[in-house]
Structure formats: structure tokens, C-alpha cells
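Note that chain A is present in both complexes that follow, paired respectively with chain B and with chain C.
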Partner chain A sequence: MELQAVLMAAGGGSRMMELTYNTHKPLLPVGNKPLIWYPLNLLERVGFEEVIIITTKDVQKMLTPDRLKLDGKMKLDVVCIQLEGEMGTADALRHVQQKIKTDVLVLSCDLITDVALHEVVDLFRAHNASMAMLMSKLHEFTETVPGQKGKKKAGEQRDFVGVDATGQRLLFMANEADLEDGLTIRKSIMCKHPSMRIRTGLLDAHLYCLKRCVVDFLVENKNISSIRGELIPYLVRKQFSKSVNLPNNKDEVEMSQKMEGQTNLEILGSCKDEELLRLTQERSCWNDHHGDMSEAYHGGKVRCYVHIMEDGVCYRVNTLAAYIEANRMAPKLIEDPPIHPSAVISECTQVGADSIIGASCQISDKTSIKRSTVGASSTVREKVKITNSILMNGVTVEEGCNIQGSVICSNAVIGRNADIKYCLVGSSQRIEPDARHLDSNLSINDSALGSLKMSRDWPA
Partner chain B sequence: MADADETSKQAERNTNVGDGIAVKKQDIARAKNEGKELTKDEKQRLRKEKKQQKKNKKDDKGESEHENVPLPPSQAVVQCQSQKAPSVAPSLALTPVSVCTSEKPAKSKAEQRAERRARQEADRAAKGKKGESAQQPPSGKSKAPPNELQPVVKRLPEHVQVDDPAAVRKLAKKLERQQIPVRSEYGYKVSLFSHLHQYSRKAPLTQQISIPSTVIHPYIVRLGLQYSQGIVAGSNARSIALLHAFQKVIQDYKTPPNEELSRDLVNKLKPYISYLNQCRPLSASMGNAIKYVKKEISNIPCLCKEEEAKKQLLSCIDNYIKEKITLAATTISAYAIEKISNGDVILVYGCSSLVNHILCDAFDKKRKFSVIVVDSRPRLEGREALRRLVKKGICCTYVLISAVSYILPEVSKVFLGAHALLANGYVMSRVGTSQIALVAKAYNVPVLVCCETYKFCERVQTDSFVSNELDDPDDLMVTRKGKIHLENWQDIRQLGLLNLVYDVTPPDFVDLVITDLGMIPCTSVPVVLRVKNVDQ
Partner chain C sequence: LARAAVDQDEEEQPLQAVLVADSFNRRFFPVTKDQPRALLPLANVAMIDYTLEFLTSTGVQETFVFCCWMSDKIKDHLAKSKWCRSNSSNTVHFITSDTYRSLGDVLRDVDAKALLRSDFILVYGDVVSSIDVTQALQEHRLRRKLEKNISVMTMIFKESSPGHRARCEEDNIVVAVDSKSKRILHYQKTQGLKKLQFPMNIFHSTSDEFEIRHDLLDCHISICSPQVAELFTDNFDYQTRNDFVRGILVNEEILGNQIHLHVAKDGYGARVSNLFMYDAVSSDMIRRWIYPITPESNFVDEEGKSCTHSRHNVYRGTGVSLGHGSQMEENVLIGQDTSIGAKGHISNSVIGANCIIGDNVILDRAYIWNNVHIADNVAIRQSVVCDGVEVKTGVILKEQCVLAFNVRAVVGPDVTLPEGTVVSLHHPDEEEEEQDEFLSDHAEAGHNKATKKDKANNSKELGTEGQGYIWKSSSLDHTKEDELAQSLWGLVLNPDPESDSESEASEGSDQPGSRTISPELDDIKVFQTEVQGTLQRGLEENIGCDNLVLEINSLKYAYNITLKEVMQILTRVVLEYPFFQEGADLSTSQYNTLLLPLLKGWAPVFKNYVKRAQDHLNCLASIEEFFLEHEAHWGALVKVLMSAYNLDILEEDGIMRWFSQEGTTDKSKLLRKNQGLLKFIQWLEEAEEYSEGD
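And then the complex of A and B:
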């Protein structure tokens, strides 16, 4: 067995509470499929046969195969965790440590991508790396986000990612929030890699291949609670730390382990390093860098690699804007026909080619649906115009409505002749007939939202 | 190989012996006199004729002497694999060097045997892919007698038949059976080398297998990736890595019920070897290592318990590496140090792990010498050799191969590494080696090749076309000042990029081969092979 997949699906979606206060994030419909379907589909396409899903009890009930509409025979092993304590992703990984027998591929449930996964895994395999991750060029979201009242959200703090000349080796990673005085780069890194590119416009896809010894290291060091926040920067820094003089025999190893409180990652990793591998590297006439006197990889045992996708689809659905954008992109990723066969659409309606209609919908006459997604079991009456909008499951839209650029959550009812522009209608809300709403958030109010804030460490 | 054609020709000749030997002789005379291009059939016929005559002379001793038409060496063509370029090779050594006593053939015995052999040949021809000559006689009734002198029929390896659609189909079927994906060819191939595979490094085989690979052991997948990306390069490194991966496979192996370890494990290894072959063609050293491992596995007694068997196999592999690679390197450097004197200027080419080892050892033993490292594009492996030698403290100079004739007057010895040593004494090594040997010969500089015995192989090759390896042509693209030259080479119809990996050096240019058995001349390689075979 080479790799085991672990899907983190216990995040609360704290950055889009308007959508997630009623529907759990893994089950949010994107293109009429639950959000968790996309990473599962990616894993299945590539050939995984088993996935370990870490999630909450409520979500677990919904994760039956027919609900998920998975075609293949992938086995889902769902593990529940309690959300009362602040459990980070690393804590969750520690929780399932017993099940992990080989190297592990960790991904987050809100990742929608069509990356060729072998690119990431090949880096991991070929260089015997401790960690390989996926990043993508950040796309600017062009759609107007409803309910923002025109205010621009303060820009997210940038990530500074330093890669070497080949663009594959990860040398430096820090978030703007941690860099108060400025960006400092250690001299040892500059000596070993004189040419470094620092990029800021990258999106971390939260897809990591981790070696087995890293998981063991996590088990030993219980103070690391978040993979993205703490483990990855630690690994990246560890590549260049002064290497401990690796002891040659087992007694010394044990002694040094007792001396240090924290088990050294290198010792854990290098005990497995074998004589023959060293001999191979010695005899091989390959080096990953040229110009200085050191051997391949500068003799470092910890190596972190990154695959940066320049083009292709890669979204992390953790904000409202990303959610809307993902819905636009969804038709390209799904092979199913955009209009579900069981939907009932009358003849005089106009349904645009880039719209998705869910199962068992009823669309009446003289409606026009353009660039929109209509969820399953929704009812749309006559003379309705829906443009650029997202309707979730079970929505009822009465006659004569005009919905533009909005997000309507599940089971909402829009009264007749309502005019909704750039609004967010919450779950099970009722909009009165003849209402006019422009650019507002019509869900439960913010104070109620605040009390529902969930764990902040989750990929939210 | 040549032997296959040989036996067919023998059969041919024997059947036609009664038919009109005079007619054939006339043909030969005509061809010689007119000197025009013979058709393929005619050439084959003629060759068979001659061999048949020789065979008959050998068979029937004690007959009266009969002067045969002296066979000009130019006509005794020993066909190498490709029938396209019947190179006139002076390797008459391979034809069964029969006693050249000219004797009149005794027709009755010869004819019987001929018929039997003809039938054997016809059977083989029916199975074979290449269209044999149309003159294959209809099968006789008697069976072919087992003749110890008759060499084993060898099939052409598939990796030199890429332009033959039947061979490609056969390979695809075989891979499909083993559940290994087929790697697709890349780019326009230069016509002289269109019979070889050419792959792109950007399209690894891992694209087509499932990610937690179930069919192929993960270590083998990793190894294949490292081969195709060039991370493990160099004959010794590849062999060690291969044996290491085999150790892992053996460790993880569990005998299925009702199967024997000795038979099942060999079958398990076959798809892995095909996979590695797809990633990068196997080297001669790897081939020998695989043969050894397979032999060891099949020698496991059936009553042996699985744990014991596995332990035994693992220790066998360890011993092989220790003996054939590590200890051999020590022995070779002990011999080679005798040849390095103080004040020498030694020329090395590319990065050979063995030559580097020798030079570092010699430096440790306080010999005073300096080294000139010659390098060539696109691999530029000399940089790595340079780094290792300079790190040790040896004085080095670095030149590109275009400057070889300029610096050779200053050189006192040339040390070359080898990828394989072929049975006819030719040295197969990194492309450019034969050039260096040639120029060194012109300047009367001794050329010493260092090679372990496990790299000796029974193949015979006299040119670099027939069996070689084509690397990714995109490696030849170079970026200078931000501009990538040859960027759109695929768009130009008439342009083909050729990135050869190996070439063969004739034994005339090599003065000495230093092996772990001692210092031998190049032509003694068949002796070593024979001794090795007897041992095993």
C-alpha cells in the first residue's frame, strides 16, 4: 500500500456563516452536488479505493453513498470527532493515527480542482520527500458578492511562498500576519539556494502528501494542532536547520531521544534511511543543484516540495465569493448533463446553456434562467427571470419574480413579484410578495451568527 | 541474433545441396563480377549457400579434399539485428569456425540431417515475425536431431523493433496482460533511429497508473520514476537501486496458497521488470543482476519455509552487491593504482562512479596526479565528477569535448568507465567515449577502461545504431539570455532532434581493460564470459 487518503470534513465554514449556519459545509451544494463530492471524485478518478473521512456526527449521517452520488466502489471510512474542544487538523490526524499505516494524502473537503494528482505525488515519490503540497495561482473573483452592501472585505493576509530555481522545492513559507518587522531569510538558505523566487499570488490548496514518519512525529509532539498553520511551516524551516549529528548506533539514538524532550524529526526519519539508498545516491551522477560543493539535496534529510498549478481549476470553497465562483465553474467539472433528466421544464422556458437544473425541479412557462444553478426539488413558477444566481434545494419561487446575482439558500420561499438583486436569502426564509431588495443579507442577523462561530483552525 | 540466421542458412544449404550447387556458385560469381546490388532474397540465399558448404565440409570428414570457392570476407556477412543495413562486419568469429578443410559433402547423411534441420527451421520460421526467405523448403518428416553445436535461436529484443507494427502490437499485448500501461512515443524520430523508443520526460508512466499503485509495488513505481527523471543514473547506481527495490519486494511478498515461492515470486517480478523497462530501457548490468536474482529464487528448495527463503534471498542480494560492486571497485582501484604514476595527467570523461572511486583512492594513497574532466552536452555529467574530485582535493581542469584534440597532447593516460562490455570486445559507454578513444589513439595516449565483470554481457554489437537509447529530445533545448533556442522544433517538419545516450568503442582503441579479475585485453571478454558461465 502506498498512500492513504484522509479527507478533513469537520470544518465549520466560519468565513461563510451565512451559508453554513444551517447546512454543514461539506454538504453545501455546488453545481447540485454536495461539496464533499468533488474531492471524493478526484480521489476516485485517480484510483483510490479507500478514504478516511474525518467529520462531525451530523455530517456522518448524511454521508451515505447514494446521497453522495458516487459512481464507483470507493470505501468510505467515516470517523467522528467532537467539536466541543478546539480540535485542529493535526489533532484530527493524531486521532486517526492508528489507522494510518503508510504515507498519507491529506485533503480538505472544500477543494474543487481538476489537477493531475500524479504531479504532486510524483514529486513526493521521486525525491523521497517528507512533504509535497499543491498550490495554485490565485484567481481574482469577478462576480459581485451579494449581501456585501458594496463594502470591500479587507484583503486576506498574503502568503509569502519561496521556491527555488526549478520552482519545485519549497524553501520558505510565511503568512503576512507573522511577519511584523519584515521578511527575513536565513543565510543558510541563501547559501544553498542562491536563486529563490518569492511568490505572493498563490492559493494553498490544502492538499498534502506526508510521510509516515511525519505522522509519527505529530503523535509525539502534541503541541502542534494545525497542519497548515504549524506543521507545514515547521517542516519547511526544518529543511535548513543545523542537522543534528546523526548518531550511528541505536544506543546513541535512544539516549539522545531521552535527552531532548521533543523527538527529533530527523532521527525518526533517518533511522529508516538505509545503507543501500545512501550507496545509490553516492554512485548516481545526479545532483539537484550545481555550482557548489555539496551533494544532492545538500545532504538534507527533510525535503519539502510544491507543485504550482499555473492553469486549471482550483478553488477552495471557504468564502462566499469562492462559493459563487465554484458554482460557475461546476459545469466544466461534472460530466453529467446540466439539466437533470427528471426535471420538468415546460416548453416556453428559456434555459441557458450554462445553467444547471437539479433533479425533480419544476420550471413553469415563460421563465428565463441564465447562468444560474437551480437546486433539486425546486419549484419555479411562471414569468420568472433568474440570472446569475444560485438556488439551493427545495426553493420555491412564485410568479413574476426577478432574481439577479443572488444566492438563495435551501427551502426559502420567494413571494410573487419580488425583485431580488445581489442578495443573500438565508435558509427557510420567506420573502414577502412585491418586496424589493437590493444588495442585502436576508438571513438571520449577525448577532445570532456570532454565537455560532465554530473552531477556527479548520480549513474554513 | 546472428545465430538465428545462421541456422536457417545452414538448413537451406543442406537441402539445396543436391539441387544445383553449381547454379549457386554461378550466382556468387555473377554477383562478384557484376557487383550490382543484390536483392535481399538473393543475398540471403548466397549467405546460406556458403554456410551450407562450410557446414558440409565440417560434417563429413575424411572425404577427399575439394577446393571450394574461396569465400571473400566481404560476402560472409553476419547479419546484425536490422536487416536494413547489412553492415559488412568483420566478425567472422561468430560463424561456427569450422575446420576449413575442404571436403566433398557426403550427400546421403547430409541430406537427411538437412531435411531434419529444414523442418526445424520451417517451424521456427512459422513462429517468427520476420519474413524468412521464400525459399524455406517444405517441412520434412523426420525430427531434428539435437545438435550441441547448433547455437540457441535468439529473438530480436523488442526495444529495437519499434518501427515494426507487429512487434509493437505484441509488446502491447504482453503489457496489457501484465497490467502495465504502455508509454507513448514522443516527437519526430530521426529516420536512422526510428527503430528505437523515444519518450518525453514530461509524460511519465505514472500518469497512467492509479495513484496508490496496487498492481505495481510502490518501491518499483518510485524506482521507475527515478529512472525516467534521471535521478538515479549511472550503471552501478541503477543496479544497486534495482536490487534494493527487489529486496523490498521480497520482504513484502506473501506466498499465495497452493503456490510455490520459487515459481510464483519470479512471476511476480516479471511485470515489475516490464514496468521498469518502459520507464527506461534496462542496462546490461541490470539485466545480469535480474538473471542472478531469478536464478537464486528458482534455486530455493520447495520445502523451505517462507521466512527462511526470504532471509536467504535477501542475504544473496546483499552478497551480490558486496561482491560484484563494492569489493570489485576496491579490487579494480588496487589494480588501477599500479598504473597511475606520479606526475600523470589523467583524462576522464563524464561521470563514472568507478573512475571517480579509483582517482579518489589513488589520491588517498598519496599519488601526485592531475585530472582533466571532459564533459559534453546535454547531460553535462562532468560537472558532478568535477565536484567530487575537487572536493577530495585533486587538481582538475574542465573542458568540453570539442576541446579534446587541443588538450590531448598534455594527457598521459585516459581512464574511461563503461556501461557494458560486449562479447566481441566492444565497449559500450556514454556517447562521446568512442570519440575520446579515437583521438587518444591518434595521439598515442593509452586508453584504460575500468569495468566490473558483472557488466559483461553476451550481446554483440559493432555499431551504435542497432541498439541504443534515445533520450528526451527536449533536453537539447537550451535557454540563453532568456531565449529558448529550438523552442518550437516540432513545428519544423524537416527538423529532428537526436539525443543519443550510448555509443560503442572498438577494441582497437582500447589498450587495457581493468576488471576485478585482473587487467585483461579487450578481446578476452568472451573468455571471461565463458569462465563465468562455467562457474555458474
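And then the complex of A and C:
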């Protein structure tokens, strides 16, 4: 076993409370499969036999193999954590440290991608990296988001990612918000990597390969609570830290520990270079760079790499817009037949090839369904038109409805002849017959949503 | 149809170039006192010939040569050259004026005379290049066609890693470029910088990929639009190309002009901007990196410049005689009719025409120009010996020496010139006496009597038969900042900034010793009282800091004070100011309350003088010196350092380095154990840890 997979599935989905106040984020249906199925499937495809899932008690109850519909025999090791207190991803990883024996692959439950995972792992292996991560070109969301039509999104602050000339070594990482005084780079870094590409418009997929010693470091440094927010920037920075010289013997290690205090243990100290590896590097003429005569990696012990997907699918389902987009892309990612065999569909019904119909659905006559997803056990009556919409499980649509560009959450009932365009209908909501709604949020009222947000704020 | 005709017209315009045959700086002084830089021989060919060869081979049909200093010499040289023959494909025009003071003046004149009709190439007369700019030119024209009058300049760069031999620390740059459009967003020299700062507004949101490049060598070849000349006219404060580039980049949003870059994949391009580059380009030439321009190709088509090329890059002109047992190891070029004695050992060197070299001579990285006599048993390493110099027996020239032009310059016998010695027949003070000797030829008149006067003084250094003046005993002497800037050999390359900081620290440690030795104590005292007076007046009359700096600068010149001394004195005066105001018996807290507002008010003055890492150390050393003298007020030291740090006068790096220097005396060791200071240092350490993250 070379890598252990750790799936972070305890996030509350605080950026899309409209959807998650009733359904836990890992279980949100995307293409009629729970969201968590996608990262699990990704791992299964590349041959992982075991995965540690960190999640909450509520989610654990729902995580039955039957629900997950995984084909293989991947062993799921579900670890529950309490939601109380602010617990970040790094805290969660620390929580399962006893189970971690090798290097780890950490990923988030909201990742939907068709990445060839070996690209990231190969980078990690080839350079004996401390950390390798996945990024992708940011996709522009084209679909209209319910309840947000016409609203211009406030200019989000860009992430600046600096990579070397090969586009793989991660040299720099910062958010625009932290760069008010301008972007500063030490000259010594520029001398080592004289051609740096600064890229914006990248999506961090929150998929990381971490060396075992990094996990050890986390165990030592309890003040780091988030992987993305604290650990990764720290690692990127530490690549060019001044104190590259590894302490030679134990005494010095202890000395340096004392000097810096227990809480701020040098990560370098925990990366003990294997003797053989050092010898190989010494005797080999291979080098990772050209242009100067210094040794490979300039003698640096901490190395961070990034694989950037230039094309292909990569979404993080953490906003409503991303959720809708992911649903649109889902049919292309799933090999299952789009219409579940147990669904009952009348003959005089049009169901587009780009639509998915879930198990035990009942679709009546003279209905047309285009570019939409209909969840399991839903009922659609006669003369209904559904386009560009997502219906979760157990939704009932009465006769003559017209639903366009909307998201209907579980167990909602849409009354007869209702006309719903670009709306979000909350779970178990009832829409009155003949109602007309355009571009609005028809879930529980906003103040309730707000308080929910407060109580379930959870760094994803 | 009419438009097509116009386009065609543009196509048919002959390609023009502006060649500036003057550097407008003194980097080759005093060598350039007798010969303009463009005519200095590099591998036995005048530098301007390389520039013209580059222009001609890249398709330039009309070149305007702008001369200022010694324009007649340049004119004579070119009149005899192949460029002025009737069959030359490149027509050379001369424009000379004594009033040019900068590149800006030249281009303003270009605009006034309306010489240029289309895009042109702008080069200096000391550029050696084999780059084919055709592609860059096409790109430039295409850009101008797509967006009229937006792109005004395309700068040509050559890829070259940091630490490459042909990269001079002094000319190192960092460039930020938009990956797709190749538009230059930021252009900055990196000399002396530890951190590179890029303003956020250059990362405009219309693009999502930028490149920051430190692996580029500025070839100083630019393809310019005709507007460049107009822009120089509009902005009379633009002096150099650097001013222009920065002006355009900063005002991009207002003026809408852009500068693009072209990175040449093939070819060679470099500007001989100082002797360091002279050394690098010469050795590249002999090692054939500038192919097809090679020493034996004799592209200038002059008689006597031809030579043969044999193994190990040994080139011999006609009529070269080599004594018995002499070895030419590798990379040696010997000009016509030069004779070399027996048992010599020559490597990596260029020897000009008609030289006579004695027996047992060792030359390594030596650049011997024409008509030089070198007697027996001479050793020359990495030095330049100009025309007509006579080197007597037993003379040893260490690295980076320069024996400047003059037929009668004699060195020796039996002396050793230390590293970085510059010898010229001209007296160094002539430079001071004559403000404009660049422009005047009267320099000859005064110096005969000067020679007599000071000959005896130099006999020790230059030997009993020596003639000439030593300009500088050592370029490694960093005490005089002004001279450092003029050092002929550029700064020694420090490939590794880490080691850089170490060397600086070690230099810093021997500062306290050298500081006390200052010959003109009186001047310094007077200067000190003047500075004090200036600051007092500034306080009373509420004079702005800019003006204070101006006044201090003029005092600096009046009393011939070095920058380092200015800083020491300024620090001392400010620290003593409270005593000056209120008398010597202040308590530490009174002292603090008086001093800190002063420090705040004068922070801009400090910042003007404290810029480089060395300045920080000097400033700290002065602060230390002051407090060593005022033991009672050690409590104030931390407050001073703290506010200097908060006011950005001092940086944490400097403070840390100063602190880590062992005190030389017991007292200064004691000072470093001051509790408050230790606390402050600890705080700084933590702050640094934290800020490293940003």
C-alpha cells in the first residue's frame, strides 16, 4: 500500500445553504448519485482498496453500500467526528493519524472530476515531493443560477499561483486579498527559478498527496487547523526557507526543537532523508533544473508540485452554481443508462438523451423532459414540461406544470399548472396550483437560513 | 485601394536604425578619455563595427550614427570602413552635436529633424549581436497593424540563466510579461534588491497568465515606432531608455502606449556596458559563441585584420612571431605583426597588432591592445592594457587592473599592482576641475605640469620608471560609494544571494576599524555642524525633507564627504539633537520624548541615504557608536531602533545582521546583551517568521 486515501466528508456546505440545510452535502444528488459517490468512484477507478472517510454521525448512518452503488469491493473505513467546535480539515487529519501508516491522498467529498489521478501521484513520486496537488482551469458557469438572475457576482478575489517553467513545481501561492502591497518574491527564489509563471483563474481541487512526515508535522503542530488555509501555504513557503541545513544528529534536532518551541517544530526536521535516496541523488547526473550548476532541487528538502488540468471536467460542488453545472455534466461522467430500469415512463413522453431519470419514477403522458435530472421515486404527471432543471428525490409535479432552469429539492410538491422559472424550491415545499414564480428562492425564509448558516458554519 | 497603396508604401520603406555612438556615462573612464567607447577594440575590432555588422546583416538599409564625445574620431574610423564604401548595403549618415547629453537628447533631435519615417531599430555603439531581428520586426509590425499606435517598442531579450557569465549583476533585470500578448508589464533592475515587488495593478484581470522572468539578458536592441522620438520630445525628462520604459509602463493607462518583448531563441546579444561585460563578450567571441561573427571571419574586410584559426581556438594574424618554448594554451587571439618572446604562457587572451612581448611572460584573460611593449618576466591576469603602454620587466598585474591609453605610459620595473588598480596618464583631479571634459579637447593642456608635480608620489606604486597616476588603488574598497558606481569592472558576480549576505556581513564587521581612519577630520567636523545647522533651520522654518536632502547633498559636495560619512554624521547629529536642544543632562525618558518626534519628521531624509544593505549596517554602526559614547542612555537604544524600524528607515534583515555581528569591544558586547534590545530582537525574529508567509 503506497498511498492511503482520506476523504473529507464532514463539510456542511456553508456556501450553498439553500441546498444543504436539509440534505447533508455528501449526500446531495448529482446525476442521481450522492455527491460522495464521485470521489469514491475516482479512487475506485485507480484501484484504491480502502478509504478512510471522515464525516459526521448523521452522514455515516446514510452511507450504506446500497446507497453508494459502488461496483467494487472498496473497504470504507468511516470515522466520525463531532461537529462541535471549530474543527478544520487539518484537525480532522490529525484525528485519524493513528490509522495513517504511509503517505496520504487527501480529497474532498465535493470533487467531481475525470482527472487521470496518476498525473498527480506521478509528480508526487517522481520528485519525492512533500506535497502534490491538483488544480484545474476555472470553468465559467454558463447556466442561470436560480434566485440570482441578473445579480452580478461581486468580483471575487483571484488566487495567484506561481509555477516554474515546467508548470509543475509550485513556487508561490497567495490570494489577491493578501497582496495589497503588491506581489513580492524573494530574489533568491527568482535566481533558482528564473522563469516563473503566475497564473490566475485556477480552481484548487482540494486534492492533495501528502508525505507521511507532513502528517507527523501536523500532529506536532496543533495550531494548524486547515489544510488549504494554513498547511499548504506553509509548505509552499518552506520550500525556500533559509534553514535548509538538516540537523545532523539527534542532539541538534533536540536543540532546534527547544529553540523554536514545541509548537513551531520545523517541518524539515521531520523529513528525514533516506540514506539511499541521498546517495542516489549524489551519484546521479540527473537534475530537475538547468541554467546553473547547483544540485538537484537546489538542495531543498521540501518540494511542492501541482498538476494543472488544462481541459477535462473538474468541479467543486460547493456553490449552487457549481451544483447546477455539475448536474449538467453528470450524464457524460456516468456510464449507467440514463433512465433507470425501474422507472415507469409512458410511451407518449419525450425524454431527451441528455436527461437522467432515477429509480422508481413515474412519468405520465404528454410530458417532455429535456436536459434535466429527475430523482428517484419522483412523480411527474401529464402535460408537464421540464427543461434545464434538477428534481431531487421524491418530487411530485402535478399536471400542466412548466419548470425551467430550476432546482426542486426532495419531496417538494408542485401544484397543478404552476409555472416556475429559474427558481429554487426547498425540500418538502408546496407550490400552490397556478402559481407563477420567476427567479426566486422558494425555500424556507431567509432569516431561518441565516441562523442556520451561523450554527453550521464548517470549513469545507 | 488607397489604403492598400499606403500599406505597400510602408512595406517598401527601407529599414532604418539609430545607432548611438556614445554611452553618456563614464563606465570606461579614464580609458574613454582618449578614445570613445564605440572605438575601443574588442577582439581587435572596434565595437561599433560589430554593431554596424549586426544592423546590416539584419537588413537595415539606412543607419543614423549619433556621436558626441570625440565625434571626429568615430567619423574618421567609419569613413575608412567598409560601411562607407559605395557598395555598402547600409547607408551610414553621421549626426554629431556637442550638446547631446543623453539618449533622450538624441531622440529629441531625431524628432526635430524628422529623420525617421517608419519603425526603426535603436542600438548603442557597444552592442555585439548576431540576432536576426526579422521575426521580432514582423511581430512588431503586426501588432501595430492590429492596434494602431498602441505598441511603441519591442525590446529584444536573450535567454540566459542567472549566474551566466555574460550576465553582469549591475545589468540584471526582472521583467513581468503577459504570457499571451507578450506585453511588458513591469521592468526593473534588480541590483541590490533582496525582494522583488510587483504592483498589483499590473496583474490586470483580462489575462490569467503572467510570466515573471529573471532569466533574460537585455540586449539593448529595441525596435521602436516613430512615436518613440515624439514621446521623448513630449517628455523632456526622459533621459535614458530606462526612463522611457518606466514612463510608458507607469502611464500605460493614461497614454495607452505599450511595450512588448521578444525573446530571441538563437543568436547572441549583449551590450558591453562595463569591463566585466568586455571580458565576458571578448571571451565569448574567441570561443565562437557569436558565430557567424568570429575573429577569423574578418567581416570588417580590412587588411591586417585577417587571421588563421587553429585548434583550441588559437587565432594568429599575419606576421606573428612566437619565441621558442612559448605556449598558447587556448582561446588566444594575436594581432598582426606582434612578436612574442620565448617561454611565454598565454591563455584566454587577446593581443592586438604590433605588440612586442618579452620572454617568460604569463598572460591569462589579458586584453592587450595595440603597440604595447611588455618586457620580460611580466605576469598579467584579467586586466586590460590599452594602446601604447609600456610594461617594464618583472611587473605583475593582478586581477582587474587597467592601464589606460597613452603612448608614454610606463609601468615598472619590478612592481606588483594590486587588484583593481587603474593607471592613466591623466590626473584623476582633472576630472573634478573640468566639468565638461567629455565635450572638450582641452584636457591635454593642463596635465603636463600635473605629471611633473605628482610623478614622485606614484613612483612607489608604479616603479622607478613609471609614469602616470593611480586612479584607484582598489575597486574592492567599498568605502567610497561614488567610486563603486564608477567601477570599471562592474560588480563582481554573486550568484548566490545567501552567500552574498554572508560576504556583506563580513565586510560589515571590519567597518568599525576603517571608520575611524578619515584623513580630513576638520572637513568632517565642519560638515557635521553644517548638517546640524541645516536640520535646525529645517525645524524652525519648517522646511520640507526634500529640500533638506538637497542642502545636505550640496554640503556633501562642498566638503567632499562620502555617502557613508554623510550617513554616519546624519545619524550622529540626529541622535545628539536632543542634547543640543536641551543640554546634556537629560534623563533617558526625556531624551526619548524629544528624539522620537524628530526621528519621525526626518525619516524621509534618512530614507534617502539608507538604501542598500550596507547602508543599513553603516547606519546601525553609527547608532551603536553613539550609544557606546552615551552609556547612560542605553535604555533609549531600543526605542530608537524600534521607531527606525517602524518608520521603514531600517529593515529587520539589517538589524538582525548588525546584531549578529560580534561586538569588537567589551562595551559593544555588553550593549548587545541589553535586555530591551534582546527583547526587541526576539520580537523581530518572530515578526520575520510571520512575515515570511506573505
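Here, the second predicted complex is superposed on the first by the 439 of 460 C-alpha atoms of A that agree within 3 Å, B and C clash if a C-alpha of one lies under 4 Å from a C-alpha of the other, contacts with A are read in each partner's own complex, and residues count from 1 in each chain.
Going forward, a residue touches a chain if its C-beta (ideal position, glycine included) is under 8 Å from a C-beta of that chain, and two chains touch if they have at least 3 such contacts.
Keep in mind that what you see is a predicted model, and the values were worked out from it rather than measured.
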Requested in this report: Once the structures are superposed on A, label A:R197 by its partner contacts, choosing first (chain B), second (chain C), both or neither.
Outcome: second
**Report entry** Touched partner set for A:L3, first chain B, second chain C, both or neither
**Finding:** first
Query raised in the report: In the superposed arrangement, does A:P233 touch chain B (first), chain C (second), both or neither?
Result: second
Query raised in the report: Which of the two partners, first being chain B and second being chain C, lies in contact with A:R436: first, second, both, or neither?
Result: neither
Report task. Could you tell me if A:L279 is touching chain B, chain C, both of them or neither one (first, second, both, neither)? Result -> first
Query raised in the report: Between chain B (first) and chain C (second), which, if any, makes contact with A:S188: first, second, both or neither?
Result: second
Query raised in the report: After superposition on the shared chain, which partner residues are touched by A:L179: those of chain B (first), chain C (second), both, or neither?
Result: second
**Report entry** Partner chain(s) touched by A:F160 [first = chain B, second = chain C, both, neither]
**Finding:** second
Query raised in the report: Is A:S241 touching the first partner chain B, the second partner chain C, both, or neither of them?
Result: second
Query - chain A residues contacted in one complex by chain B, in the other by chain C - result: 290
Query raised in the report: Within the complex, which stretch of chain C touches chain A?
Result: 161-164, 174, 176, 179, 190, 193-200, 203, 205, 208-215, 495-498, 689, 692-694
Query raised in the report: Once bound in the complex, which stretches of chain A touch chain B?
Result: 1-5, 46-49, 116-118, 121-122, 125-128, 274, 276-277, 279-287, 290, 293
Query raised in the report: Residues of chain A touching chain C in their complex?
Result: 155, 158, 160, 162, 174, 176, 178-188, 190-191, 194-202, 233-234, 237, 241-242, 264, 290-292
Query raised in the report: Which residues of chain B touch chain A in their complex?
Result: 204, 206-207, 209-214, 218, 221-222, 225-226, 229-234, 236-237, 240-241, 243-244, 247, 321, 326, 350-353, 381, 383-385, 387, 390-391
